[in-house]
């Protein structure tokens, strides 16, 4: 047992962090939200070059994965830098299509290389899946699953604005080319939904960590009543609670990376999602009015926290799944 | 002790309901944080005013009906139950007018109150400054004496409604270097279109320009637009925060109607067996009732000649945190659809998030509750009573 | 509309407060918990002399009631002074028996005068009613309702200790004299359960107010790190939150007194019960270890808060009832 | 990164499980806060010790198995999953022994550790004093030099287990009037039955004498029962609070087993459609998992040669508030039956309520988290690092 990132994993995270910091993601996010996908696609290529999408793709299809621990490391960084685009959906699409050899060959190498941006709408009947394909207008393909049919959507409806304008929602049109069908589609879709929930948990944790970081820095320098507001005990305790929530979400995330069990993923999803939302509420309150403005970059993270909390598994759906799998007396077995 | 309505009150309620049923637009106007919506809301204010429903508690000479607080509460209940539009004139009616009633001259009252009530003049607030958030006594914007009036200079921010409003009111430092920072401030009204005023709208989290920065460069204000004595602005601003009109910041009718809407949504989308959501919906219902009754108790205290002091901090913390919880519950009822920004509840949710921040942060309100109502030892807030009330300026 | 106690009502509360303060209730509670009912019965008589039980009894039976507002005033004081015994059950029994003329005549005058201490176990099938008759060993009668049969219990089982030792729990024995039967019993029992919930809410509010009061006083004088702990912002805010919870429970209690509607009673019950429990958690935490001891009188209130929260309507049962009655669009009608 | 158990670890787990299955009493012993239960628990400690399961992580020479932290975690999981009794020897094993390992002489280790592990000597804590709760540096109980040892005088309180224990350990002021209050304290072990010691048991909320006051009147302690150098007691006491044995205050196995028990109860008494309770039961399950994994991460950090500092404050706040929430959920599952004091969950609930108070109040822990882990400005706590760690002394 060594429940600790090894040196290589930690360094991978730091490298990604440096690359994304240098890329100036806030400008990319604002462009993306305005419908200008150019800077986002350029960033996407660099993220692919750093090897992120290859982590979700098996070696047989030019990837190096699946490597859930490394994926968690990477998606925490994507969240920490508020990277826009269907990063979760593309990796989940790799999981989905990777189970279906007939279509894997066409799409997975392109996903690994960053050439293909893919969005996804899984079966709406699944409590963990929503009705939209995120950023469908920027995607090279929109994959849909209904029942046991997997299709390439023939297009999408109008933009449905999200509370986070960098999340551009579209309903895929019905029909389209049938890529695969049968029970294997259903099984693959369930795995893809789990993968999406897992990566969203990682992204949430990153969002929460960055919100906390920015808020701590702000409260150290913001003066009121002649003292930094970070010296007030009410401020301290609220920040301490936020750190607590995040630091106890982290082990659940990496525990889920190691087990890949649906219940463990659900536990990580609800905990990271709630922690990030807690961080957002804290960040807004402690920034005061300035935090309530779109122009402060903080808003790019603030607005992401709640949609991520509910995407790919609401807190209620996740909690139900945690207990579905809980067979008393068995969870301690080796 | 009773909650009964008199026959007269019942008649008043019926009249209000009837008028609202006949006049509330079937389609809600566009958001009042947009230019188009602002104009639509302004027109609605004129409609209300024409039939004396804009300011029912004001004297008849200024367009009101001269009714008491109980009838005002009844009107507010009916107003929100009818789904009537938000009040774009709220700054003027709820924040400026009480000060004018208490400290304005007869001339000011006659000149300013009617157009304020009719929507002809929409008011913005000009309290905060970049370095003076909760610590309002540290204001630095200046009012310098000139012939027949004052020249205003400096910067104001978080000026709500200022993107589209006509005029603004706020405090300016007219006597620099007083030993106590809350002395030497003057309460001033000014035109947002006057020479020297630059308005830079600020977009809130949902992108709507709900407030603005104001840059003031030698803006002339005639003496007639100073309220009360120069240098006495702080006392004047503070004196009305605890009075009965201070209650109007969030009327209970608004939350009763919101809880009602939540119950409808819950019945439509969730099973009663989903007890996790059921419990939160129930909390919204009983919270609205608690807030309504708490306000009734305060209204009764006013009627009995008592006054409300730091208790208004209980009010502020309750409604602001209630409002967020209600909207979070609504969004959770919607599940992943909750993130859709033009949905039923998103604008209300974004609006609610500001509640614990403005009008005195809830951190400061809790300090006030602990120190004033429970008598705990003073903490880090400055000791001057005026200063610790800084948090109470609605903004 | 005058939602404010009138001078007489307020004075009634103050008089009761003075009488109970002078009675030294902590000693009475400790004796009661040890099974010595003497001091408690003496106090009971004085409470009856002050007119408390008569408030629950109609004039036809030597009472002055029912006067729910005055009952609320009185039971807040009983809670504030931690008065032991089946005070709620006796008043609820008056409601129950008052609807059944055949038995009312025998019992109600004795309840009003304080001569009869009555305990009560309503139908266990009702989600608002528990299986025990409180302080049955100290009662002159234990009334039970099952279905539509009202009986005088022939005795009770062994003492079942409660987390609050001053609440002595007993299961009534089955059978016993049949006092009344038929649908009227069922209806009267429902009214009695509502009355019990209402009075428990009042008692809870009093318990919470006293816990807050004692804690505020303690934090003003307890020194740590060279300063009273009440000067720490974390302590202040926790106490402020406790006051908030109590002060917004109070109007619901008196609102329920005026309407006597079951949903309004449920709203008052859950809110006062939770507020008192919040006050207990706050009181314990801010007193620290000394608050965790039985010997400090604080324990007499601390241990009462949670049982009262769950007696005569758990929070879940109350919330369900709040919504049962909520017909959208109707609650604003005059 | 992995959570895999080695073959050796699997064997260890199987051995532990087998032993526990064979020896854990079918009927749980009486509460260890009663005289009868104390004796039964002491006998159980002897049973554990006889087969080397009392202190698996200790060296073999003192009755342990010399296993690492991972195996200790495995043992704790199996221990609580088997429903084995609470550890009456916890003070000695978890709080005194780490100090002896680090600062005791070889003679002390050989003399004291084995009877501590076997239950022959049960230890009480003697840290707190009536006026020194969170502010532990303000201790006033004295140790005065005498021939061959020290004379202890003063009063200690909240001395856990002292009602029935054999010996106690704590800090005493041996050099009065030092400029810094945490200097001049000496770490001493003493006999609770020695002349001059009066033990007054204190009943906790459920009436059980879980701790006691100690009155000390010239109690003689030989030099051999001083740990480390006289006057260095503070540093000695603090140095072990952050080490790996500091983790043992609440083992994850305990919460995994409690969550498991809660799920059983939930399946037996509530429908899965009662989502309000379901959500709280799920939170108990995932909270236990989070705490378990958090501890695994810390164990891995220790194994990798890192150390844990203020992070242990995260630990403390988490488990103490988790423990209460879990028990509140259990009581809510029981409804009105939850108040019955000999029910399954009441004793655990009362015990959990003390969690946020002892071993450093959670208020102080949050200050430490904010100041040490987040780097926020120092607040009201004294600036000396030793002093702000006062809160971390388990007591």
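Note that the chains take the letters A, B, C and D in the order they are written out, and that residue 1 is the start of every chain.
By definition in this document, contacts are C-beta pairs under 8 Å (C-beta built on N, C-alpha and C of every residue); 3 or more make two chains touch, one makes a residue touch a chain.
Quick caveat, the model's predicted, so the values are computed rather than measured.
*Asks:* Greatest Cα-centroid separation from chain B: which chain?
*Replies:* Here the answer is chain D, farthest from chain B.
*Asks:* If you tally contacting C-beta pairs, which pair wins, C-D or A-D?
*Replies:* Answer by contact count: A-D.
*Asks:* Using the average of all C-alpha atoms in each chain as its centre, how far is it in Å between chain A and chain B?
*Replies:* Between these chains, centre-to-centre, one finds 39 Å.
*Asks:* So what's the Cα centroid distance for chain A and chain C, whole Å?
*Replies:* Comparing mean C-alpha positions, chain C is 51 Å from chain A.
*Asks:* Please list all residues of chain A that touch 2 or more other chains.
*Replies:* Touching at least two other chains: 227, 232-235, 237, 315-316.
*Asks:* Where in chain D do residues touch at least two different other chains?
*Replies:* Correct list: 274-279, 363, 366, 380.
*Asks:* Can you name the residues of chain D that touch chain C in the complex?
*Replies:* The contact residues of chain D facing chain C are 128, 131, 133-135, 157-158, 202-207, 211, 274, 276-277, 331-332, 335-342, 346, 349-350, 353-354, 356-358, 361-363, 366, 380-382.
*Asks:* Applying the document's contact rule, which stretches of chain A touch chain B when the two form their complex?
*Replies:* Result: residues 130-132, 160-165, 167, 169, 223-225, 227, 232, 234-235, 284-285, 288-289, 292-295, 299, 302-303, 306-307, 310-311, 314-316 of chain A touch chain B.
*Asks:* Once bound in the complex, which stretches of chain D touch chain B?
*Replies:* Its residues touching chain B are 273-279.
*Asks:* So in the complex, the part of chain A that touches chain C is made up of which residues?
*Replies:* Where chain A meets chain C, its residues are 232-234, 237.
*Asks:* Which stretch or stretches of chain A touch chain D in the complex?
*Replies:* So the residues of chain A in touch with chain D come to 1-6, 9, 69, 212, 216, 219-220, 227-228, 230-233, 235-237, 239-241, 243-244, 247-249, 251-252, 254-255, 257-259, 264, 267, 270-271, 315-316, 318-320, 322-323, 326, 328-329, 331-332, 334.
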